Every structure is written in structure tokens, then in C-alpha cells.
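What follows is a pair of complexes built around chain A, which joins chain B in one and chain C in the other.
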Partner chain A sequence: MGARVVSQFIAVLVDGVVYASWLFIIAVGLTLIYGVMKILNIAHGSLYALGAFSAVSLSAAWFSQGYAAMGSFAMLALAAVLVGLVFGPLIERGLLQFLYGKDEVVLVLVTYALFLILEDFIKLVWGVDPLFVQGPNGETPYGLLGNFEVAGLTYPNYNLLLLGVAVLTGLVLTWSLNSTRSGKLLLAVIHDREVSAALGINVSRTYFVTFTIGAFLAAVGGALTAPTVSVVTGMGAEVIVMAFAVVVIGGLGSLPGAALGALIVGMVRAAAVHYAPEVELFSIYFVMAAVLIARPKGLFSGAEVRKI
Partner chain B sequence: MKLDRTGLSLIVVVVMLLVSGPFLPSWMVSLLNVSMCYGIVVLGMMLLMRTGLVSFGHGLYYCLGAYAAGLIDQVWKMPDMLLMVAGSIVATAVVSAVLGLLLAKYREIFFAMLSLAFSMILYGLLVKSASLGSTDGFNVAAKTVGGVAVEGDTLRVTVFSVTAVILGIAAFLLHGYLASHRGRLAGAIRDNELRVEYMGASVFATVHFNYVVSAVLAGIGGALMAVNIGHIDPEMTYWPQSGEFVFIAILSGTGSVFAPLGGALVFESVRSFAYEYSPNTWQMVLGITMLVVMIFLPGGLWSLFTRGKAKEAAT
Partner chain C sequence: MKRIGGALGAAVVACSLLAMGMPAQAQQKTSVKVGFVTFLSGPAAGPFGVPAKMAAEAIVESLNAGKGPAPYQIKGFGGLPIELVVADEAGGATKQVAEFRTLVQRQEVDMVIGYIGSGDCLAIAPVAEELKKLTVLFDCGTPRVFEEASYKYVFRTRAHATMDAVAATMYLLDNRPAVKRISGINQNYAYGQDSWNDFEASIKAMKPGVEIVTSQMPKFGAGQYGSEVSALLASNSDVIHSSLWGGDLEAFMLQAQPRDLFRKSVLVLVAGEPYLHRLPGKIPDGTIVGARGTNGVFAPDSPHKRWLMEIYKAKAGVDPNYPAFSVAQAFLGVKAAWEKATAKKIGSAIPMGAAKNVKEEMEKAYAPPTQDELIAAFENSTFDSPSGKVKMGLGKGHQAVMGTAYGTTRFENGVVKVGNIKYYDAERVTPPEGISSLDWIKSGFRKSK
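Take a look at the complex of A and B:
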């Protein structure tokens, strides 16, 4: 009896960490874009879906050439890069750059319109049937890496890849924000856009680069998810609201906040799945509401200077 | 309450609907039914927007109203249309009065996010409650109206007429409220809360009251939709549904109670025709429409009518 309780607890921890890694990869781009541009980007969900669908197409092309299955990982990465480089600049230069300075809520609605457009774009290109990242003999990147065992439970090593990508993303972003020249310029833009522009910082280019990186991170999340699920239309809608929960819990625009939010949501969901499956979804949004009520600006919000 | 031009026009519109109801083709009746239900919900969104608030979770009350109607039918076995609407009013008024105590202190994106969280909580509960049909929901049917049993074609016409009358009453009352002292505070709160407080009015009480009114309107819309469509499911409180309401409100503008009603009709028409002719691109059509309206017509479609006139009604 005792052993079962312990192993279930360990399973919750492992599932929680895996789920948190996945959430962090998706949410960190969202919080980055909000932090710099003050846009709560609903279309982030579509970029995530685009990453997943592109991963399906590219890996299908790879498998159909009969190349080694291991190479499909390169295709996942390529899918994320392509989506980031094509759709990021397209959306920022083609639409958002004309709308800076509008009300935050108006910008949310603009990205909602964008979300609707991209959802149908996906249907037009990939159809409405579920798709899978799978080779001719059923091999998927998810199974290729082998398994590891914790307390008698077997997990695919793919989960370690997720964790690795999440940690790496967090470290690289933190380092480049705090220790590089362009990162420090970015912090200046976050602090005060107008003064930064007056001091000669190219704010428009900062926004452009930030949005592209954010779009890339959403696509990374999608591409990494593609091998683990059936890729269907509507997957973006499901993910974006969960990503909202993560960034709102942590504090909009905060990197450590996104990490903490992802951990909280990941653990809560893992615990719910194991101990009380009927409250799985409920628990996430319950935590989101509770945090908003207790700390309206999220757990990692500092004191704010009010500008008059 | 003085009967002004808007009030008179409302009466004319409702009478026209009632008279033409029995003669309209059924596709048009369905289109009008859905538009009217959405119209009632968006009346509430308009009130919130005038107060400067955008809720990304009004699906909560839309769904709550619909489920209240459904429970009256399924559990208490009293499938009366008016009773269903009354039940939805009570349910949404109670829930929104409580949640409003929290939400009335929130503004902007935080208001949107907290209302989103509340609506997703209901979604999370409903998809896991097997007794309410989980993700499939269940069927609802009204068999009596005000105690009188109706069926067949008469039922169809009666439901249409009752919906039109309720819409008329809701719009008429809201129009009166918007012109009242408290109703006019909404715009003042949006512009500058501090000044409103200095004038001696309570911002909190006004926001709270407007929130409850908008929630009740959403609930009525949900109950009527349940009766009209005959089916309810948790998608009614999923976030894209709430997004749709915001969408119509933006499309309509906040100039007059006619704006949301017209906006809902335009939205439903665009949607059903786009859906008819290209089922895979109707969302794209909606998205592009929304972008065009937001960029070129920030005051919504209604601002087309008020151009050149005094702008006080639009703002």
C-alpha cells in the first residue's frame, strides 16, 4: 500500500515536470511578446498549431524519401524555424506595426481576428482530418529515443528532450536579456518605449525581432508536440487558453513568472489526473482565478510606477 | 420613461416581426431567431463596453442561462418557455452578483482574464459532469408557453414571437437605463474614474450593477437560444464563444441599442452564408471583416449612421 502511494506520488511529480516543460516552451513566447509589446497574442495558439502541422508535412516528406528516422528531429526543428521566420515577420510587419499604441484590449481583439484567419488557413492547407508524425513502419520521433524508468514506471526519453528544450530556452532567454547588449536595449524599450526611441534605439526593429522570436517559440512548442498527439484543427484554441493561465499566474511579461506558472499548472494538472480526474480542467482555471483574485497582477509582479 | 424615437422604432420593429412571423420561410425564422438571441447577449456586452470593460468570459452566463433552462426542462419537468427564461434570470443574477463583487475591481486586460478564468471553470466542470451529458450536452424543448400547451407549427411561431417580444422588452429597458442618471455614468467611468468618485458617485456600485445587467442579458440570450436550437453543450462557455460576443459588439459599435441588434443580424447572416458556400473559410471571412472594421471603423458599423451628425450619441 505504502509503495503504491509513493510510486503514484513520484508519477505525479514526473508528469508534472514534463507537462510544465511543455507549457513553459509555449507560454514563454507569449509572455515575451506581452512584456515587450504589450500584446496578449491569441494568435500564439495558431502559430503553435502551424508549427505542429508543418512538422507533420516536413517529417512526412523526410520519411517518404526513405531517410534515416532519426533525421525527423531535424525536420521538427526546421518546421519551427520556417514558421517563425515566415509568419512572425508577416504578422508583425503586415499588420501589428500599424496598430502599436492602441488600447491593450483592442490589440487582443486584433490577434483574435488573426487567430480566426489562421485557423481557416490551416484547414485550407492541411484539411480537417487528424494527422500524425509517423514513418512508413510506424516509427515516430516520440518512440525513437527509448525509455527511462522511475519507481517502476516507464517513460519515453522524449520527455527528457522536452525538459531539456524548456530549460535551455529559459536559460538562453534570461542570459540574453540580462547579459547581452541587445538584451539590455530590449529592457530599456520595455521600461520606456518613447525615451528609448529618443535615445536612438531602433524600437521598431526590437518589436520585429521580439515578435519573430515569440512566433518561433510557439512553433517550437507545436513541432515538439506534433509527434506525441494526433494533430487536429482546433488544437491552437485548446492550448492558448492554458498558456494564458500560465502567464497570468506568473505575472504577464515575466520570464521567471512563466516558469513558475508552468510548474504550478503542470503539477496541479498532474495531481488532478492521478488523484481526481474529474476536476482536471477545472483545477487549472480554479488556480488561475484564485491567483488573479489574490494577486491581480500575478505572482511575479513588481511594484509598478504609475505614469500620469 | 419617455417614449423617444428609439423606443418607438423598437416597438415598430417588434410589431413587424410579430406580424410577419407566420409568413416567413423557415430558414429566415431560424436566422432571425439566432440573431435575436445573440442580439440580447450583445446588448449586455455593449453596456459593459460603454463602461470601458471587455469580458472574455461572458459565455459563462450565456451557458449558465442555457443550462438553467435545460435543468428546468430535464430535472423539474416543467418545460415552460417563460419559466425557463425566468430561471435563467435568477441563476445568472445570483452568480454574477457574487462574482461581480470580485470583478468590479478589475479593469482592462485583468478584467478580461479573470472573467475568462471563471468561464473556463464552468467549462471544466461541465465537460466532466456525466449526468449533464459531458461534452455532448443534452436536448432541451419547450412544450408550453406561460402554461399554455403549444405544438408543431404553432410552437415554432410562438417561440419566434416570444423571443421577439423579450428582445424588444430587453432593448427598451436597456435604452431607458442608458439614458438615466446611472446609465450615463458608464461613459464617465470609462473616461475617468477618479472624477466620477469626486462627483460623489460610486464607481464600484455602477460597474457591479452594469456587470449584473449584462450577465442577466447573456443568460436570457442563452435560455432563448437553448429553446430555439433545442440543444445545449459546454461549448457555450468555451472561450471562442465569448470571443464571438466581443466580436459582434466590436462590429456593431455602442452608439445605440439598435447597434447590437443590427450587428448580430449582420454577423449571423455573414456567418450562415459564408458557412453555406465555403464551410472551411467562414472564420477567415469573419476575421478579415473584424480587422477591417477595427482598423477603418473604430466606432463599429453603427458609426456609419452617425457620421456627420453630432457625435455625442456615439461616444
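Take a look at the complex of A and C:
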């Protein structure tokens, strides 16, 4: 009995960490863009979906050539890079740059409109039939890496890849922001856009680079999710809600906040699934509500500077 | 100027008189406009919605050409061509209610055939009643539609989902009588909850003492099932019941298969049939699958089945799955009722010699049936379909009753085949009128109220 309780607890921890890794990957781009640009980018969900659909197409092309299945991982990475490099600049230069300085609510509506347009774009290009990242013999990157066992439960090593990508993303972003020249310039822009511009920082380029990185991170989330699901239209809508919950819990625009938010949501959901599945649906939003009651601006919100 | 005005006025009056003089021709029905609602986007589109749409198009083309199997050889509905107005079911119940109003009030359809989602059916039925528009639910499963309300304008031409649970239990206990521990994973909405509750109650009624270890209820469209798979693995269950469908089922299978969930647990997929050709290699051997009736691979051979197989394959390039069979049932049910109503009118028309106004009486007799006449003919009707005979035997004659079947999968030469098929008569697996499904199961499947 005691052993069962312990193994169940370990399972909750592992499931929580795996889910948190996935959540962090999909949420970190959203919080980065908000932190720098003060745009709550609803189209983040579409960029995630575009990453997944592109991963399907590139993997299908890879498998159709008869190449080694392991190479499909490269296709997932390529999909994320392509979506980031094509759609990030396109959206930022083609649309958002004309709207800086507008009210945050207007920008939410604009990115929501963009989300709807991109959803239809996806339908136009890929159709409505669910797609898989799958080789001719049913092999998927999800199962290719083998399994590991914890507390008598089997987990795919693919989950370790997710964890690795999440940790690496967090570390690289933290290091870049705090220890590089560009990062410090970015922090200056975050603190005060006008003063930064007056000091000669190219704010426009900072926004451009930030949005492209945010788009790339959304696409990474989509590409890494694609082998584990059937890739369908509308998948971005589900994800944006979860990502939003994570960044709100952590504090909009906060990198450590996104990490902690993802970990809290992941753990709470895993605990609900194992101990009280009937409340799983409600658990995440309960946590979100509880955090917002205690700290209306999220766990990691700092003191706000108000200009007079 | 005055003369021109006078001439114009005369022309207007003449035109008005002309228009008034030919009401019979102008208003005569030239087609039957059918609003058809199915998922065209989202996770339910691929395995359900799009096959349903293709089936509807193939069926309408065939019926309009008068190429239906006997007794459906009259063109369209009673000679009138069927015109489809297709709408997307995606977006949730609130959006669907608005879309339904648009179909009825703006598009002025003669009837609506549609709805795969149980939540949509529960939301649409009262609105159909309010707008007094004939609405045929073709695929949704929740028994609550007619168990919790009574409708005049709403019909469902497929059996409700209770039989899925009851027959699955019978099949499971017939083939694995030693089962001791059972778990479930079902979507947290009307159909998923009903499906699990019926199955759990059936197991408890038929084999008391079986332990229900865990019931996972992820939200519709959750996508990530890592924790749920862990909970199911940890449950050490002999059997896992699931009514997951669409992208949710596909994601669950993709995530569960590499983790060896099905090595020690038998999977029961009550709505698994549409995935047999979509997930080859991912459906483990020994999975118990149903098609929510004698549809798809379970349909017995008949001219109606051969007709559907032929026209669907010509359109889609693959064999029809069970949603396509459900669509056929809806269209053939309406057609049978339409032509029955017309025949009744002609049969009860005053004989020519006895009529005072022969022309008017004949026009009336041969006119398309009114909605009320159609509904009267539809209620309690029985008609042939590609899945077998359908009897509108529940819900005061508005809810179809049919038998069902289950089988077991095995992977052979790159395709999933279904063997060990067993059929269950409607009477054994469907509650009688006047008792809710859950009460009927809990009562030990008593025959009547």
C-alpha cells in the first residue's frame, strides 16, 4: 500500500514535469513578446499550429524519400525555423509595426483577427483532415527514442527531449537577457521604450527580433507536439488558452514566472488526473483564480513604474 | 409625361395581375432544400464530418438521379430534387444555435439534417421545436435527447448510445468472463459522460464485484494525455473503456501505444470503427471495437449496403465508415416518410367521379406533403437502410431503434481487420419507452416500465 502511494506520487511528479515542459515551451514565446512589446499575441496559437502543420509536411517529404526515420527530428527543427523566419518578420513588419503605441486592447483584437485569418490560411493550405507525423511503417519521432521506466510506469524518452528543450530555452533566454549586450539593450527597451530610443537603441529592430524569436518558440512548441497528436485545424485555439493561463499565473512578461506558472499548472493537473480525475477540467482555472485573487498581476509581477 | 405615367401605371397593374393570376405555378415547389450540418473543420472533421458530407453529396446525387435501391427509386424526395445547403458544425453549441436559425430563417431550408456532437443535438432540439422546423439528428449519441424531453419536429434516425455500452459489456463478458478491474477514459461532455456512466452501470449490473479503478475525463480536445496514460498504466486494469473519438482518440492512441498501455489492458473502443483505416499499426490486436450500430464493417450484406458502398467509394475513394451509414439512414428515413405521406394523400383523395373540383382535389393530392403530413408519416415508421431495418420505436416514434454489433481487431497485411463479430438485437440492448437508460440498466434491464 505504502509503495503504491509512493509510486503514484512519483508518477505525479514525472507527469507534472513533462506537462510543465510542454507548457513552458508553448508559453515562453507569448510571455517574451508581451514583456518586450506589450502585445498579448493571440496569433501565438496560430504560429504554434503552423509549426505543427509544417512539421507534418516536412516529415512527410522526408519519409517519402525513404531517408532514415531519425532524420525526421531535423524536419521538426527545420519546420520551427522556417515558420519563425517567415511568419515572424511577415507579421511584425507587415502589420504590427504600424500599431505600436496603440492601446493594448486594440492590439489584442488585431492579433485575434490575425489568429482567425491564419486559421483559415491553414485550412486553405492543409485542408481539414487530421494529419500525422508518421513514416510508411507507422514510425513516429515520439516512439523512435525508446522508453524509460519510473516507478513501474513506462515513459517515452521523447518526454526527456521536451524537458531538455524547455530547460535549454529557459537558460538561453535568461543568459541572453542578462549577460549579453543585446539582452541588456532589450531590458532597457522593456523598462522604457522612449528613453531607450532617445539613447540611440534601435527599438524597431529590437521589436522585430523579439517577435521573430517569439514566433520561432511558438513554432517549436507546435513542431514538437506534432508527433504526439493528430494535427488538426483549431489546435491553436486550445493551446493559446493554456499558454495564457500559464503566463497569467506567472505574471505577464516574466520569464521565471512562465517557468513557475508552467510547473504549477503541470503539477496541479497531474495531481488532479491521478487523485481526483473528476476535477481535472476545473483544476487549472481554480489555480489561476486563486493566484489572481492573491496577486492580481501574477506571481512574478514586479512593482510598476508609473509615469507622471 | 402624364401619358407615360399612365402607361407605366398600367404596366405595373398588368404585371401585378399576371403575378396574382399564377400563384400555383410561381409557388410550386421545384426542389427540397435540406440544410446539412456536419463538422467541416476541427478534430471531428476528418474521421466524422467530412465522410458524412461526402456521403450526403453522394446520396443526394444518386437519389436525384433516381438510382437509389428499391424502394427508393423515385427521384429525390417524391420526385422533387434535393438541394443541399452545407454548414460547419464546428464552434460549439451556442454558435450552432445561431447557425441553425440562419439556416431556417434566412436560407429558408425545408428541413435540417445534421449534428454529430451530442452537445449540439441537446442545444438544437429545443430551438428546432421553437422554430417549428423538421430536424433530423443523424449521428449524435446521447440518450438524453428524447429521454429528457419530447419533441414534435425533431427525429433521430440512429439508435442512441446506450446500446453501445450495454452491448460492449455483453461482448466483453462473453469473451473475457474473468475480468476484474476496469478503467475508462472518456471526454468530459454529454456523450463521454453518458457513455461511461452507461458502461459502468452495465458492468455493475451484469457482473457485480468488478472493480472500477479509475475514470479519466479529459476535456474535449485536450490533446495531451500523458498523465491520463500514467494513471491508466498504474491502475493495472484488465480492461480500458473509451468512447473517445476524432482527434482526441487519435492523439490518445499515438501517446498510449509507445507506453505499452495495451500490453496488459484490453481496449474497448465503442466508437472505434472509423479509425481502423486511419491508425493501422496503432490499434493493438485484440481491441474490441464497435461502430455504434450495424454500420461500416458490421453492416450485413444487402442491396442498400452495396448501393452506399458503391456511390461512396466512387466519391471518396475509400469504403464508407459509420458516419456515412448514419447519413444514409437520415436521408432514406426522410425519403421513406415523404413518399409514404404522398402515397397516403393520393390514396385518400376523393375519387375523381365523386369530386366536385376534380382539378383542385388532384393538385392537392399530388402536392408535396406539408411538414405536418411528413412528420405524421415519419413517426413510428420503419424503413430499410444500408445498416438494416430501422424502426422509429422510441421517443414517441421519433427515435430510431436498431441492433448493434461488436468485434475484435487483428492486424493483417498492413490493414486492421475485425473478426469474432457478434450481433445484438435492439430489444436486448435498448431501454423500453418511458424509462431512462441509466434507470433501465440499474434495474437489471427490465423489459418494461
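Quick note on the criterion: the second predicted complex is superposed on the first by the 308 of 308 C-alpha atoms of A that agree within 3 Å, B and C clash if a C-alpha of one lies under 4 Å from a C-alpha of the other, contacts with A are read in each partner's own complex, and residues count from 1 in each chain.
Criterion: contacts are C-beta pairs under 8 Å (C-beta built on N, C-alpha and C of every residue); 3 or more make two chains touch, one makes a residue touch a chain.
Every value quoted in this text rests on a predicted model; they were computed, and no experiment measured them.
J.: Assess the superposed three-chain arrangement around chain A: do chain B and chain C clash, or do they fit?
T.: After superposition on chain A, chain B vs chain C: clash.
J.: Looking at the overlay, what does A:G66 touch: chain B (first), chain C (second), both, or neither?
T.: Neither partner.
J.: After superposition on the shared chain, which partner residues are touched by A:V106: those of chain B (first), chain C (second), both, or neither?
T.: first
J.: Please work out whether A:M235 is in contact with chain B alone, chain C alone, both, or neither, and reply first, second, both or neither.
T.: second
J.: Go through the superposed model and pick first if A:V128 touches only chain B, second if only chain C, both, or neither.
T.: both
J.: Using the superposition on chain A described above, determine whether A:E278 touches chain B (first), chain C (second), both, or neither.
T.: A:E278 sits against chain B and chain C alike.
J.: Could you say whether A:G200 touches chain B, chain C, both of them, or neither, answering first, second, both or neither?
T.: Neither: A:G200 stays clear of chain B and chain C.
J.: Contact-wise, after the overlay, does A:F98 reach chain B, chain C, both or neither (first, second, both, neither)?
T.: first
J.: Where does A:R269 make contact in the superposed view: on chain B (first), on chain C (second), on both, or on neither?
T.: Touch status of A:R269: second partner only.
J.: Among 42-50, 168-176, 186-194 or 312-320, indicate the stretch of chain C whose C-alpha atoms run into chain B.
T.: 186-194
J.: Once the two structures are superposed, pull the chain A residues common to the chain B and chain C interfaces.
T.: 123, 128, 277-278, 280-281
J.: Contact residues on chain A for chain C in the complex?
T.: 7-8, 11-12, 14-16, 18-19, 22, 123, 128-130, 132, 137-138, 140, 142-143, 147, 152-156, 159, 225, 227-230, 232-235, 238-239, 269-270, 273-274, 277-278, 280-281
J.: Hey, which residues of chain B end up touching chain A in the complex?
T.: Spelled out, the residues of chain B in touch with chain A are 54, 56, 102, 105-106, 108-110, 112-114, 116-118, 120-121, 123-125, 127-129, 238-240, 243, 246-247, 250, 280-284, 286-288, 290-291, 294-295.
J.: Quick one: in the complex, what on chain C touches chain A?
T.: 40-43, 45-47, 49-50, 90, 188, 214-219, 221-224, 226-228, 230-231, 233-234, 246-247, 250-251, 254-255, 257-260, 278, 280-282
J.: Sort out for me which residues of chain A touch chain B in the complex.
T.: 40, 42, 95, 98-99, 103-106, 108-110, 112-117, 119-121, 123-124, 128, 237, 241, 244-245, 248, 252, 277-286, 288-289, 292-293, 296-297
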